[in-house]
Amino acid sequence: MSQSDDKPPTFPAVHYLNADRGVWSWLTTVDHKRIGIMYFVSVLLAFLLGGIFAMLLRIEHLTPEPTIMGANTYNRMFTLHGVVMIFMFMIPAIPGVFGNFLLPLMLGAKDVAFPKLNLLSLYLYWAGATLAASGMIMGGTDTGWTFYAPYSTSTPTTLFPVLLGVFIMGFSSILTGLNFIVTIHTLRAPGMGWMRIPLFVWAIYATSIIQVLATPVIGLTVMLVGIEKVGHFGLFDPTRGGDPVLFQHMFWFYSHPAVYIMVLPAMGVISEVIGAFSRKNIFGYKMIAYSSLGIAFVGFFAWGHHMFVSGQSVLDNGAFAAISMLVGVFTAIKVFNWVATLYKGSIAVKTPMLYACGFLFFIVFGGMTGIAVATVSLDVHWHDTYFVVAHFHFIMVGAVIMAFLAAMHYWFPKMFGRNYHEGWGMVAACFIILGFNATFIPQFLVGNAGMPRRYFIYPERFTSLNVASTAGSSLLAFGFVIIVFYMIYALVRGPIAGDNPWSSRGYEWNTPSPPPKHNFDTTPIIDRDAHSYQEPGEEVEHVVI
Amino acid sequence: MENKVSKPAAPSSHGKEHAHGPGRYFVIWFILLGFTLLTVVTGRMDLGAANLPIAIAIATVKATLVVLFFMHLSESGGANRLVFVVSLIFVLVLMLGVFGDLLTRNPMSLPSGAPNFDISPESRIVPHP
Amino acid sequence: MSSSEAHAAAEHPHNPHLAHHFDTIEKQDTAVRLGMWLFLGTEVLLFAGLFLGYTVYRHFYHHTWHEASRTLDLGLGALNTVVLITSSFTVAMAFYFIKKGKTGACAGMLVLTILFALAFLVVKSIEYSHKFAEGALPGQFYHFNEVPGPGANLFYTVYFLATGLHAFHVIVGMSILIWVLVRVLKGHFSPSYYIPVELGGLYWHLVDLVWIFLFPLLYLI
Amino acid sequence: MNELMRRMLWLPEQASTFSTSVDHLHYFVITVTMLISVAVGLLAFAFFFKYRERRPNQSTPMVIPSIRFEIVVIGVPLFFFLLWFVQGYKDYIWYTSPPSNAMDVYVMGKKWMWKFSYPDGPNAIGTIHVPANRPVRLLMTSRDVIHSFYVPDFRIKQDVLPGRYTETWFEANKPGRYQILCAEYCGTWHSQMWGEVVVMPAPEFDTWLAEQKAGLAKRVDTGGDDGGEFRGSIVEYGKRVAMAQGCVKCHSLDGEPHIGPTWLDLYHRRETLDNGQVVVADEAYLTDSMIDPRGKIVRGYKPVMPTYKGRISAPEAAALVEFIKSLRSENVQHVPSKEAVYEPVRR
C-alpha cells in the first residue's frame, strides 16, 4: 500500500536476488522472478544485436549506391535484423520479462503454475536463439524473416539452423503461454474474481491464447520449408504441383496474430502505467479487458491482408480487409479509454508516463496507417514498400518498445529495489521519441514515393528521404546509449527506492521491493478492484462522461 | 471461480467419474470398431461426391466419442472444454480462410494441373481455353 | 471444485506431490489437466497445418489423388485403425484400474497398449517399405508410374509427412506410456494420486484421434 | 489541391486512370489519420498539464463511461474504417476487372529481369511499349521465384508467381517513361530488377507495333541498362552480352577447357574448388562468379578473371546465366525450364 513519506525507504536484507548465490543457483532456479531477470538480460542482448544490424542497414542507405557492404551482405543483414528482432526480442520481450516477473505477484501467487516448465521455456529460448545465431555464423540466410517459398527453398544460403531455431523458440513461446493461462486460471489469490484481475494480466492472458493456438502452425510451416529445402518434397514448389501461396497462408496465419503477441502485452503495460501515474481507476476496465480478448480472437481472421497482391482471390481480399477493420476498432476503444483515464486525474509526469504519451501517438498513427494499408486499393500501391515498413515499425518500435521502456522504468524499483535518475530518464525519452519520429516518418514518405522494401540500392530520387531517416536513427540510437549508462548506474548506485516509490495501487507493490524469494509469507486476500485508488467503502465523487 | 481452501467432505475424489465402470468403455470400443467397419465399407462404395462427407462425418462421430468418453471431456471442467473447442474453431478458421481464396481465385492463378487446366505436358502453364 | 475433493487434501496436508505454490492437490490437479488440454490444443493446431495442405491439394488434384489413394493398402490401414482404437480402449481401462487401486491390472493394460503401439509401428513400416519399393515417394523422389498426372507426387508427400509426423507422435506416446508403466510397477500411484497415468492416457488418445481422421482421408477418398 | 497533396505526400506522378481515384482516397485516409493521431497525442499532453499532480496522493474522482460514450468510441472509428473499406474495395474491384477490349501483353519475371511479349509481335527485355489512353492487360508469370510487378506511377502492383498466371491492367494517360520495380524480394539483385514502361500516344504506338511486326526493326540496339532495348529471346540476348563483354575469349562453348572452364554443360555441374569444396554451378554460383570471380576458383584454373561488378547490369547477368543454361550437350537429362508459351488467354 502507499507508504508514508516520513519513513526512510527500506531495502530488504534478504530478497530473491541474494537468497541463493552462485551461477548454478541461477541456472537451476525455478523462481519466476529470476527467470524473468534472465529473460531480461537475454532479450536486451538480442535487442542490441538487432539494433546494430538496424544501424548498419541505415548507414548502408545513406547513398543509393553500395555504401559499406555488398548486396549479399545487405540481404543477410535485413533478414537477421528481422529474425533477431521478432523471434528473439519482440515475442519474448514483455511476456518473458515482465509477464514472468509480475504475473504471480499481481495474482498473489507464489509462483507460476509450472515453474519447471517455465525454466524449460527459457532453456528452449536459449537453444533456439543459439541455433539461429549459429546459422548467422555459418554464412547467414537471405530470405527475409518471412521465408517466402519458393525463394527460401531454392536459396543457396544456410537456412536450416535458422528455421530450426525459430521452431524451437516457437515451442518456448507455446510453453510460456500455456503456463500463464493455467496460472491465471488456477492461482489467483482469494477474493480475486475475473473482474479484479489487473489489466496487464488480461493482456498477457489474451497474448497467451494466441501463443498457444497460433505458434504450432508456424512451427509446422517452418519445418515444412526446412524439409522442402533439404528434400525437395514439392509442397510449395510449383514445378512439382505445389502452391507457393499456400505457404503464405500458413505463414501469416501465425504471423499476423504474432503481431498481437507483441503488441497486446504492450497495451497491458500502458494500462498499468497510465492508471498508476494518474492515480485513477482505469476508465472502462471491462472495455479494455474485453477488447484484449477481442483483438486476440479477431486477429486470427485477418491474416489475408498481407496477401492482397499475392494472387489471392478478390473475394477473400475483401473479407480479410473488412475483418481487419474490426481489429482497428478494438484498438481505438483502448486508446479512448486511456485518454479518458487521464481526464481529471492527478498526473505525475515521470519517465514511464512520457513513454506512455509517445505510445499513444504511435499506436494511433501506426494503427491507423495499418487500417490504411488494409484498405485494399491503397495497399496495391503500398504493399511491400517502405510505407509498410514504417507502419509496422510504428507499431513494433513505436508502440512496443515505448511500452517496454515504460515497463522497464516503472518496474525497475520493483525488480531491483533501486531507482534510476528521473532527469536523465526524461532526456533519453525525449531523444527516443523524437529520434523515432525522425527515423520513420521519412520512411512513410519514401514508401509513398514508391521505394520497395528490402532494396539494397535504390533509384536516386529516394536519396534525400533515406538520408533523413538515417539521421533520425542516430538520435534514436543516442537515446538508447543514454539509457544504458544511467540504468547501469542505477543498478549499482541508484538510490534505495522503497517498497512502493510510485504509491501505486497495483497488487504487485504489496510485497517488498525487491520481493522475497517466495513472494508472500501468507496468501494475500484481495478486497478491492484492480487499479482502485479508493479504500473499500470510501466515498468518491462519480463523474459520468 | 472460487478459491476456498478446504471444505470437509467425503474422501472419494472425482465423485462423478464413479458413475460408470468398465462397461461403458467396452461399449464405446465396440461402437468405434463398428464405425471403422462402416467407414471401410462406405469408402469402397461408389457414392460419387458423397464419399468424402460420409467419411468425414463418421470420423467426426468416432473422434467425438473418443474425446467425450475415453478422454472424459464430458465430465471435466468448463475451461478444458473451452480450450479444446476453441482450438477446433481455429482449425476451421484456417481452412475457411484458405478455401475462401482457393474456390474463388482467378483460375489462371491456380497451379498447373488443377481442374481448370489442361494436363498435357505441353501446356504446363497455359490455361485451358 | 466439489467439496469432496477439498477434503482429500485436508486429510493429506503434507502430500509429497503437492508443489509449494498450490494450496490443495485438487487445485494442482485442475491446473495440470488444464495445462494438458492446452497442450492437446496446440497439437491439434500443429496437425491442422498438414490437414490444410491435404485439403488444398486434394481440391486441386482430386482425380489423381483418388487414384493415388487406391494404391495404399486398405487392409493394413484398417488393421492399424483397429489396433489404435483398441489401444485407446486399453489405456482408458488402465486409467480406470489405477483409480480403483488395481495396480496389477493397470500395468497389464499399459503393457497391452504399448504392444499395440509397437504393432502399429510394425504395420506402418511394412507399408512404408512397400512404398519405398514402388517408388511412390514424395516430391523429387517420386518415380511411381502407376499414377500419372500432376499432383500424384504431392499425395505421397502429404502421405509421408502426415503419417510420419503421426508415427513420431506414436513413438513419443509410447515412450511416455513406458515411463508411466515403470512408475506404476514401482507403486508410485494410488487412487489418491494418478495424474501421470491420466495425462499419458490423454496424450495417447490424441494420437488415436489424429489417426481416426488420417485413415479415411488417406485410404478411403 | 490534388497536386499540392500529391507533392506533400511525395507521391509519384499520376500516370494512369487508376492512380487518380486511388490517390483521392489516400489523401482522405492520411489526413484523418494524421489529424486523429496528433489530436490524441496533444490531448494526452494537454491533460498532463491540466491535471498534473498538485499534491501527493491526491484523491481523484471515479470517471465512468456512459452508454453514449461507448457508442461514440465504437461507432465513430467503425464508421470511418468501413467507409474506407467500402471505397477501397470498390476501387479494387475496378482494378481487378480488366475491360474486355484491353490489349494483352505477356510478362515474364526472372531473376532479375522483366521480359515482355506481344501476342503476335515482338519480344522485348526490360522495356514495354504501351499506347496511351488504351487499357492494357498484363498476363504475368515467373520463371523461378515470386516477383512483384510494380509501377509506382500507375499505382499498380501484382505478384508474379511461378507456374501460373496472374493478371493486372492499367490505362496510362500520360505519354512518358515510367519505372518498373520488383517489389517482392527475389535474391541478390532484387533491388536492381528494374524495367521501364514507355507510354506512347496511340497512333505512334500503332506505327511502332506495325514496324516491329513487319520485321523492319532488324536493327538491334546493344542492351544497356538505360532503356536500350533488345528484341529476341533471353538466350540470344545472353549470347550478345557474352560476345560484347569478351566472356568467350576465356570460356569455350564447345567443351574444351580454356583459360576458364567451358560453359558447355556448366549449369548444374558439380565443380571441385581449389580448397576442395564441391559446389553445384547453379544460378547463384554463376552470378557470384561474375561479381566475385576470385571467391570460388575451380580447381586447376588460375584466378585471372576480373570482376564484372558494375560492368554488367542485373538483366545482363541474368541473360548470361540463361545463355549458359542453354548450352547443353545432348546426353544431359536435365530439361531447361520452359518459357511461357505466348498464346492469348481467353476467359
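As written, the chains take the letters A, B, C and D, and residue 1 is the first residue of each chain.
Throughout what follows, a contact is a pair of C-beta atoms (placed from the backbone, for glycine too) under 8 Å apart; a residue touches a chain by one contact, two chains touch by 3 or more.
Small disclaimer: the values here were computed from a predicted structure and weren't measured.
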Reaching chain B from chain A through chains that touch each other, fewest steps: 1
Interface with more contacting C-beta pairs, comparing B-D to A-D: A-D
Innermost chain, taking as reference the mean of every protein Cα atom displayed: A
Approximate Å spacing (C-alpha centroids) for the pair chain B, chain D: 43
Centroid distance [mean C-alpha coordinates] between chain D and chain A, Å: 33
Separation of chain C from chain D, taking each centre as the mean of its C-alpha atoms, in whole Å: 47
Distance between chain centroids, defined by C-alpha means - chain A, chain C (Å): 35
Of all residues in chain D, the ones touching two or more other chains: 161, 163-164, 166
Multi-chain contact residues (two or more partners), chain A: 185, 213-214, 217, 238, 241-243, 245-246, 249, 311, 314
Sequence positions of chain C contacting 2 or more other chains: 23, 30, 34, 38, 41-42, 45, 48-49, 52, 56, 60-61, 150-151
Interchain pairs in contact, sorted by label: A-B, A-C, A-D, B-C, B-D
In the complex, chain A residues that touch chain C: 104, 109-111, 113-115, 117, 174, 178-179, 181-183, 185-187, 212-217, 219-221, 224, 227-228, 231-235, 237, 240-243, 246, 249-250, 518, 523
List of chain B residues in touch with chain C within their complex: 2-17, 21-22, 25-26, 28-29, 32-33, 36, 39-40, 43-44, 51-52, 55-56, 58-59, 62-63, 66-67, 69-71, 76-77, 79-80, 83-84, 86-88, 90-91, 94-95, 98-99, 102, 110-115, 119
Chain A-facing residues of chain C, complex: 19-23, 27, 30-31, 34-35, 38-39, 41-43, 45-46, 48-50, 52-53, 56-57, 60-61, 138-141, 150-151, 153-154, 157-158, 160-161
Interface residues, chain B side, partner chain A - complex: 1, 3-5, 79, 86-87, 90, 93-94, 97-98, 100-106, 109, 111-113
Of all residues in chain B, those that touch chain D in their complex: 106, 108-112, 122-127, 129
